[in-house]
Amino acid sequence: MSFVFYLLAALTVAGGLAAVLLKNTVHCALALTVAFAGLAFLYLNLDAQFAGFAQILVYIGAVAILVVFAILLTKGSETPKDGVFSKTWLAGLAVAAGVFAVLGWAVLQTAPMLPKATPAPAVTVGQIGNALVDRYVLPLEIVAVLLTVALIGAVIVALHEKEGTR
Amino acid sequence: MTPLAGFLLVAALLFSIGLAGALTRRNAILVLIGIELMLNAANLNLIAFWRYGPHPEMLTGMMFAIFSIAVAAAEAAVGLGLVISIHRHANTTDLDQMNRMKG
Amino acid sequence: MQESISFTPQLAASPITGILWLIPAVPMVASGAMALLKQAKRKTAANLAIGSLSVSLLLSLVAFAHVVSNWANGVATRETVNFTWLQFGSANVDLGWVLDPLSAAMLVMVSFVGLLIFIYSLGYMEHDENFTRFFCFLSLFAGSMLGVVIANSLLLLFMCWELVGLTSYLLIGFWYQKPAAAAAAKKAFITTRVGDVFFLLGIVWLFSQTGTLLFYNHGAGSMEAGALSALLTQPAALGLTAAGAIGLLIFAGAAGKSGQFPLHVWLPDAMEGPTPVSALIHAATMVAAGVYLIARVYPLMHAGALTGGTTTALTVVTWVGAFTAVFAALIAVAQNDIKRILAYSTVSQLGYMMAGLGMGGVAVGMFHLITHAFFKALLFMGAGSVIHGCHEEQDVRRMGGLKDKMPLTFITYAIGMLALCGFPLLFSGFWSKDGILEAARHWSVARTPFYMLVFGALLTAFYMTRQVAYVFFGESRGEKTAHESPKVMTTPLAILAFFAVALGAIGTPAWPWFRAFLEGGATRFDMQGFAEPGLMLLMGTSTVVVFLGLGLGWTIYGGKSPKAEEPDALERAMPVVWGWLRDRLYVDELYGGTVIAFYGWWGRVADWLDRRVWGGLVAGVAGLFAGWARLNRFLDTNVVDGSFDKGCEELSTKGGLLARVQSGRVQSYLRILALAVVVLAAILIWSSRA
Amino acid sequence: MIDRLDQIFVLLRQWVVGFLPASWQTAAAVVLSVVVIVAFFPALFALTVWMERKGLGRIQNRLGPNRVGPFGLLQPIADGIKSLTKEDIVPLSADAAVHLLAPLMLVVAVFMGFAVLPMGRNMVLVDMDAGLLFYFAMGASTEVAVFMAGWSSRNKYSLLGAMRAVAQMISYEVVLLLSSVVVVMMTGSLSLTKIVEAQNHYTWGLPHWYIFTPWGLAGFVMYAIAATAETNRSPFDLPEGESELVAGYHTEYSGFKFALFFLGEYLAMFSISGLGATLFLGGWSAPFSFLSWVPSWIWFFSKLMLSIFVFIWMRGTLPRLRQDQLMNFAWKFILPLCLLNVFVAALWRFMGEGWPRWVVCSAILVVAYVVVGRIEMRSEHFGPRRYRYAE
């Protein structure tokens, strides 16, 4: 467990916490990007170069921006008077805590049997590409279709129903 | 503690944080943010297992993560689109007020 | 990276082969574009169609030149581009295209004749309001026909084959307002389909035996020694080898497309379509596709033949062909519709080609195919021009004396007619037909086909003379006065006429260029070709026969001009036979009386069964249940309801309480979900560690 | 001698690093190159600003800066001093933290991009296997910075500018990626050094640059357009259109922070031009084989400066687009052509050597360009907008 790992983990978790705790929605979104960045660095720390960069490209470059747009379009940026947390926040928190308890317990239970540190696998982008078009070609196609459908669907859902516009 | 366990713990923590956010925030967009966090925690798991698993050269976990990143992007697009259209109808993104589908 | 692309073809030896696929692709794309056009955009459509086909012609010529140059350097061209189309399990289906002398020659013929006919249609379809649609169909047809020609895979060939069938259907029924046209279209489609079923069976069988549908694949193709020898060892029913049986099945498909005897009935009716269509599809190209198919799979048909001998498949081909030749010629004698006469003559000429393939091999059959394509297209377009000139009159008895009114049409038509009759020495038809007769003379199995074909030649000369005498000589019997057709129609006629004469030059015994080209031998000009024993005699006979036919025809019909109503000269002589012939030997009636009648009867039976038996049963059961239901209703209303209603009220109140859970709040649901997950995970882990 | 000159920077670095203990050397080498990059490009930036102002002056028939130093050469330095000594104003209602972070994040992200650019033979900071992906990832994260700047200023002009900028950058980033994909398809690698190596061959003294192929040319043109939009340069400079919204997302910035934005913009221009040169113009390879004795880095930077000049030229020449035109142009015109270009590249690979692929590929591209262009120009997306008053 290197120092770098602890640093990145702290960064990521802090970003996540800020993302769900902050009052101002836009701040939440920005904190989310911090968490994403932390995750990307964790991937790099796991020798998953491609996944790390893809994470930055997709999440920071697209998803975060998307969230921000949504916030501004729904004027959610101003904080409501009656608190940002729902009435049942306590129950929710309890459940989340329960989930973490179970997961953490499971991890610690199984920690001894987990594999020890292994040599870093040398995976080039070329291998990933070949795997994509050969072993994983069907999932690839399906994801392509899914993305197209999602694109069209999102556009249609967000369209004005007013005739005259589009 | 093995490195893998560390990553798994971080993932678990992140997942719980996301869940807490999704369960406690009132703003629909923030619920989506929480869900994004949960997805990312799952990705972290996948990649950690790929890295320390028996056959990293098979790329299985990596592929899983890449595909789930793509799917998550689609999810975000559609979810936010829904939020926007809901806001256009009900003029709110407060989930406590969106309870018209009660039984 | 190169390896990661799975379908990288073994790249063709020459660039032209690499882009051979463009030849069919261009017209197809053009037709797709035309399909999107407005009907009003006639000019654009015409430009698209003709432009695209001329591109194809250009490429075909390049390919042809490439093959010829290779041949001149003593190299027999056979360049293929194959790629995997589908892959299931271990088997994979390959498609591909091939450039060899056969396909090259056919390519040039199809695209050239096609182009001429396109140009001709400009004039012919001028006044049709569906001009654009017509050209869209035409180019689709041209594209798929060229696809058939270049296909190196039986499957690809079959696809294009079906496309060709579809376009032929669309074009025959082009004037779908005419019930006759619609009916003819249906008939053509269904009849050819009968053949195609057998064809498909053959394909499947071939695939199951050889595991590939490619013709040529560097020794691994189904038309190459390895596969063939494997096929020969496979016995099939009736003492046939698998090769023979598959050959016969494929021949059934070919017979369907090119109107061989049992399946010829659709072709004459197909004349309901516009004349350019008849010229392009039902004379020059599509009907020849069957012959081309046989030529393509000739190695399969010929497999296992003893030296100089023949195989069962080829024998069948020969007999069917010879019979069709005579049979159709007989019928043609007694027809009065100008296009029907030509149609039947087409059928009989196709019979000649089949017989030629069966007895003399690829070169003989293909040569007749090529020459016939030119002069028959010429004849049809001439007929079209005549019909156009006579204001859509098609009955030869209502024409006459046109040779002065439409001189150009007359001259070209006469040339075509002489070529078809096989007028000695000058005309291409003579040489190609003589090639077939020559082959028939040497055929080892039987002599009968030879005599049949000679008789057929006599008949051909006779009915053509009759037709020409009716149409162009004597004085006019039509109501309206005829006029010559516009240049855009007559120019293609002239060009075709030239080729109808000139093409003969490449197939004379003295200089068998075409045969050498196909079979890849050397050739040079020497008169010794004629010195072969008996050849002169043969040529003499056919000459005599031709003159006999012409003379007969002229003596009976020449000069005089009977009224349309009064019976035909021959009819007076032998009314009974004439009746048979006029009624097309009752083949249609036969089918009508057997197959179709049976279906009709069976349909009525089924209908009756439905109405009476099943219907009665259903009604009875229904009645039963209805009665039971009435009983139930009585019980319900009087017995059950009271208590039941109480129960319902109870339930709804309790349900209302329960429904509180469904608060409609997303987060509450999510919470419950998460809780469930927690519990589940806890249980799992607990059980796993215990 | 020649290759000494070619490798001069590499050798210098080795020489300097040589003084340190072996264990530090690798790290020191990296630090050294980073320092060099961080020092060099701002200098280039100063030069470019002078060039731009002079060039615009010529185009607009003015003299341009001519007071400070010979030909006003010292003008940029004067500007720098001015902006450094200026008061740093932060609006009262502004979100101070974000307002501060935005310019830093922008500049850092932009600087990151240089890490993978091969500026000469063996002259790349980190030769990453996924270099191109890294570059685009960094480019993507600038958008967040721009948004932060615009939003944190609490100023409607800034917000509008930021929104425009982000929308435009996202849209054109898609085009940027897709037009670079063809190169990756051909090279089979995301590593920029490999891409340059793949182009560093010659037939009859002419280079195998990708721009000299149908798909390469099309890709380069689309890349150039997308790059112009990505760097918010005229004619795509709506986010800063001073006539429409005062200065876009950096309206509320002054002094050093503003200077950082200014710097970041030009650095982005440099790096994106460098990437363009690397992808399509053969990076540091010489245009003719007989010129390959000239040091590689000279070629790289001359190509870079050439494209910078083109940027300036365009800015002086072309009028600004309208927002809806901009978007329609990205999504309805360039994007389809980009996708087609990918297909064409595949076809090119499929058809193998020989003249036919040249004919076919060029034909497809030209026809598509003409047809799509015709259709689009007919539709009202590009023509004058029909205003509907009193809605």
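Chains here go by letter, A, B, C and D, matching the order in which they are written, and residues are numbered from 1 within each.
In the analysis below, contacts are C-beta pairs under 8 Å (C-beta built on N, C-alpha and C of every residue); 3 or more make two chains touch, one makes a residue touch a chain.
The shown structure was predicted, so the numbers you read here are calculated from the model rather than taken from an experiment.
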Which one of the chains is closest to the middle, using the mean of its C-alpha atoms? C
In whole angstrom, the CA-centroid distance of subunit B from subunit D equals 34
Cα centroid separation between subunit A and subunit C, in whole Å? 60
When the centre of a chain is set as the mean of its C-alpha atoms, what distance in Å lies between subunit A and subunit B? 6
Give me the residue numbers in subunit C that touch at least two other chains, ranges are fine. 4, 665, 667, 671, 674
Junction residues of subunit A - those touching two or more other chains: 50, 54, 62, 69, 86, 88, 91-92, 95-96, 99, 103
For subunit B, residue numbers touching 2 or more other chains are 19, 23-24, 95-96
What are the touching chain pairs in this one? A-B, A-C, A-D, B-C, C-D
Across the complex, what residues on subunit A touch subunit C? 86, 88, 91-92, 95-96, 98-99, 102-103, 105-106, 109, 129-130, 133-134
In their shared complex, at which residues does subunit D touch subunit A? 98, 128-130, 133-134, 136-141, 143-144, 147-148, 151, 159, 163, 166, 170, 173, 188-191
Touching residues on subunit A, where the partner in the complex is subunit B: 1, 5, 9, 12-13, 16-17, 19-20, 25, 28-29, 32, 35-36, 39, 42-43, 46-48, 50-51, 54-55, 58-59, 62-63, 66-67, 69-71, 73-74, 76, 80, 83-89, 91-93, 95-97, 99-100, 103-104, 107-108, 111, 114-118, 120-121, 123, 127-128, 131-132, 136, 139, 143, 146-147, 149-151, 153-155, 157-158, 160
What residues on subunit B touch subunit A, complex-wise? 1-10, 12-21, 23-27, 29-30, 32-34, 36-37, 40, 43-44, 47-48, 50-54, 56-57, 59, 62-63, 65-67, 69-78, 80-85, 87-88, 93-96
Which of the residues in subunit C end up touching subunit D in this complex? 1, 4-5, 7-8, 11, 15-16, 18-19, 22
